[in-house]
Amino acid sequence: MKMMKKITLIAIGLLISVSSSIAIADAKSDAVSACGAAENARKAAAQAKMEWTTTGKLIKAANKAIEKGQFDKALSACNKAKFEGETSVKQAGIELLAWNSRVPN
Amino acid sequence: MGYIKMIRITALTILGLILFAGAAVATPEGDRKAFSDFYTNRFSDIPASDFVNGVYAIDAASRVQWEQIEDFPPYELDIDDGEVLYQAPFANGKTYASCFGDDLSVIRGKYPNWDADKAIVMTLELAINNCREANNEKPLKYKKGAIAQLSSYIAMQGRGNSINVVIPADSSAAMEAYENGKEFFYSKRGQLNFSCSDCHMSNSGNKVRADLLSPALGHTSHFPVYRSKWGGLGTLHRRFGGCNKNVRAKPFSAQGEEYRNLEYFLSYMNNGLELNGPGARK
Amino acid sequence: METINTTRRTLLKGTALASVLGITGIVDLLTMSQANAAWSEVAFESGSVGDVMKALFNEDLTPTESADITLKAPDIAENGAVVPIGVKSTMPGINRIVILVEQNPSPLTATFNLGKGARADVSTRIKMGKTSDVIALVEADGKLYAARKNVKVTIGGCGG
Amino acid sequence: MAGIKAKAKLKGDAVKVKALMKHPMESGLRKDKKGNPIPAHHITEITLLAGGETLMTANFGPAVSKNPYISMIVAGPAKGDELTIAWIDNKGESASTEVVVK
């Protein structure tokens, strides 16, 4: 059933997006791991068909920042991207039911 | 965020589903009637047949400029180019007529339709590329250029016919495609958290900055469109993508399943209205 | 009335156009172009209405506002990229119509040089970068008349 | 493909000529994605001819819209007469077409 498939996808998305990384003192690995988590959250959002245009851009910019050694900048961008990805997945979960309330009858 | 919260969401979702399973199932025809009534009540001085003119049905000042442009619209050059493309034989000597038949005036009105063999919604643009591939030609890109010119030529020949999208009663897959399109239309998405219906239904006739939001009723009747903003012709799915980007939702592929199903739903909502594409838009 | 440079440009261009058109019309094109002020780079590149006037007309030719010119332009442009403009007049002896957009980087937008049988009734579609007066100039019997209308250009939201 | 599309229709004692020209009309003020300026490319002159005589010459700057439109009214040509419309741009490219008065 279509709905069940969707719920499963969204549930998997939530699981992926909450899996947290172990903090490492190193600023670079912090940034890299934040960006990995962000990318996972973005993928989960895409799978739920709710990805935002802004999320991938944040990650892309963060990866460039890592190359330039701007780890703080990358970390904050990827934390934001991760939040966006997670919010998109939540949005998908809410809309799974909410959309029907907007249909005129 | 904890796992408990996540589990709670999932549980709520499943509970909701169970509740929904018991609710009365809406029929497409019931949907269409309610959809059409929504707009004819909201814009009670506008005849239903005028909604095919999009935002110009509800914006008198813009309509004057639009009519000046439609007097000799820029897409006439594209229609001519589309005709040349349509009539030109493929390398194997066959033409598009070998796929679409000899009566050009009926082609536009056949799409979108439910393709029972492929079990997908078939659109005009997808059919054009299927025809090309069946004749060993490379497929065209879906948003603009040659495919939009071909589509505009076919649309022009089909002007005046009524939209009459059919959802086969014996196909649950067709019904599911329709339902998916409907869900897409009413689901909020993007960073701005807007659904298609938030702008083009609940707020139709209201302004976003300087722009008046057009009613969704009639939206599919006049594509492809030459948009001044694009400086050229574009397909319906190009426009869908633009709308999604406006609410900061990552657009789906043109002619992908999501947009084809959305086209199926929206076109069904326009059943009975006149086909009047191609059109000029701001 | 044109600089030597533009006249030479006109000759070259006249030849090019003549080759497009075939033999007929060569002489006519050249004489028309010279007599009726052809494409003037200087005028079209001028950055202000005043400079356009200097490049296009004698400096002492100042326009008189005239109610006999109908300038058709929208109050609010739907899209600044495509603004329909029409100019019409029943004044006798009109030989040229000029459309200017005061606030565009280069105000001179189009000129229409009326030849045999041509009526002073033209229209086109133009680009406007921002809200501006649109000015229609009409040259009749060596005199210059003008009409102006303000056209608002707004920044769109999503567009139609 | 189609460079100019023209229509000419007799209305009362004069002919209304309308034409649409395929042309980018680049202003010279825009930049490409890499930030390099896109050079100006626009029609400079449009000529309307009938039987070798020039009825109208229009000069365009870059502020005429993309795929320019022009309409003119001329007295003289009769139904069935053939008119010629031609344009040339600032790169020396050109196009022309014939249109029969209806």
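Read from first to last, the chains carry the letters A, B, C and D; within each, the first residue is number 1.
What we mean here is this: contacts are C-beta pairs under 8 Å (C-beta built on N, C-alpha and C of every residue); 3 or more make two chains touch, one makes a residue touch a chain.
The structure displayed is predicted, hence computed values, not measured ones.
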*Consider the two chain pairs A-B and B-C; indicate the one with the greater count of contacting C-beta pairs.*
A-B
_Centroid distance [mean C-alpha coordinates] between subunit C and subunit A, Å_ = 55
*Just how far, in Å, is the C-alpha centre of subunit C from the one of subunit B?*
41
*asked:* Please tell me the distance, in whole Å, between the geometric centres of subunit A and subunit D computed from their C-alpha atoms.
replied: 53
*Inter-chain centre distance, subunit A versus subunit B - centres from mean C-alpha coordinates, in Å*: 30
*Residues of subunit A touching 2+ other chains?*
none
*Out of subunit C, which residues touch more than one other chain, so two or more?*
81-83, 123, 125
_Residue numbers of subunit B (touch at least two other chains)_ = 228, 231
*Name the shape of the chain contact graph, picking from line, ring, star, complete and other.*
other
_Interface residues, subunit B side, partner subunit C - complex_ = 54-55, 61-62, 64-66, 68-69, 199, 207-211, 213-214, 227-229, 231, 242-243, 246, 281-282
*Write out the stretch or stretches of subunit C touching subunit D in their complex.*
13, 16-17, 20-21, 24-25, 28-29, 32-33, 36-40, 44, 81-83, 86, 101, 104-106, 108-119, 121-128
_In the complex, subunit B residues that touch subunit A_ = 1-3, 6, 9-10, 13-14, 16-17, 20, 26, 30-31, 34-35, 37-38, 176, 180, 182-183, 186-191, 193, 195, 197-198, 201-202, 245, 248-252, 258
*Partner subunit C, residues of subunit D touching it in the complex*: 14, 25, 27, 29, 44-45, 47-49, 51-66, 68-77, 84, 86, 88, 92, 94-96
*In their complex, what parts of subunit A are in touch with subunit B?*
2-3, 7, 10-11, 14-15, 18, 46, 49-56, 84, 86, 90-91, 93-100, 102-105
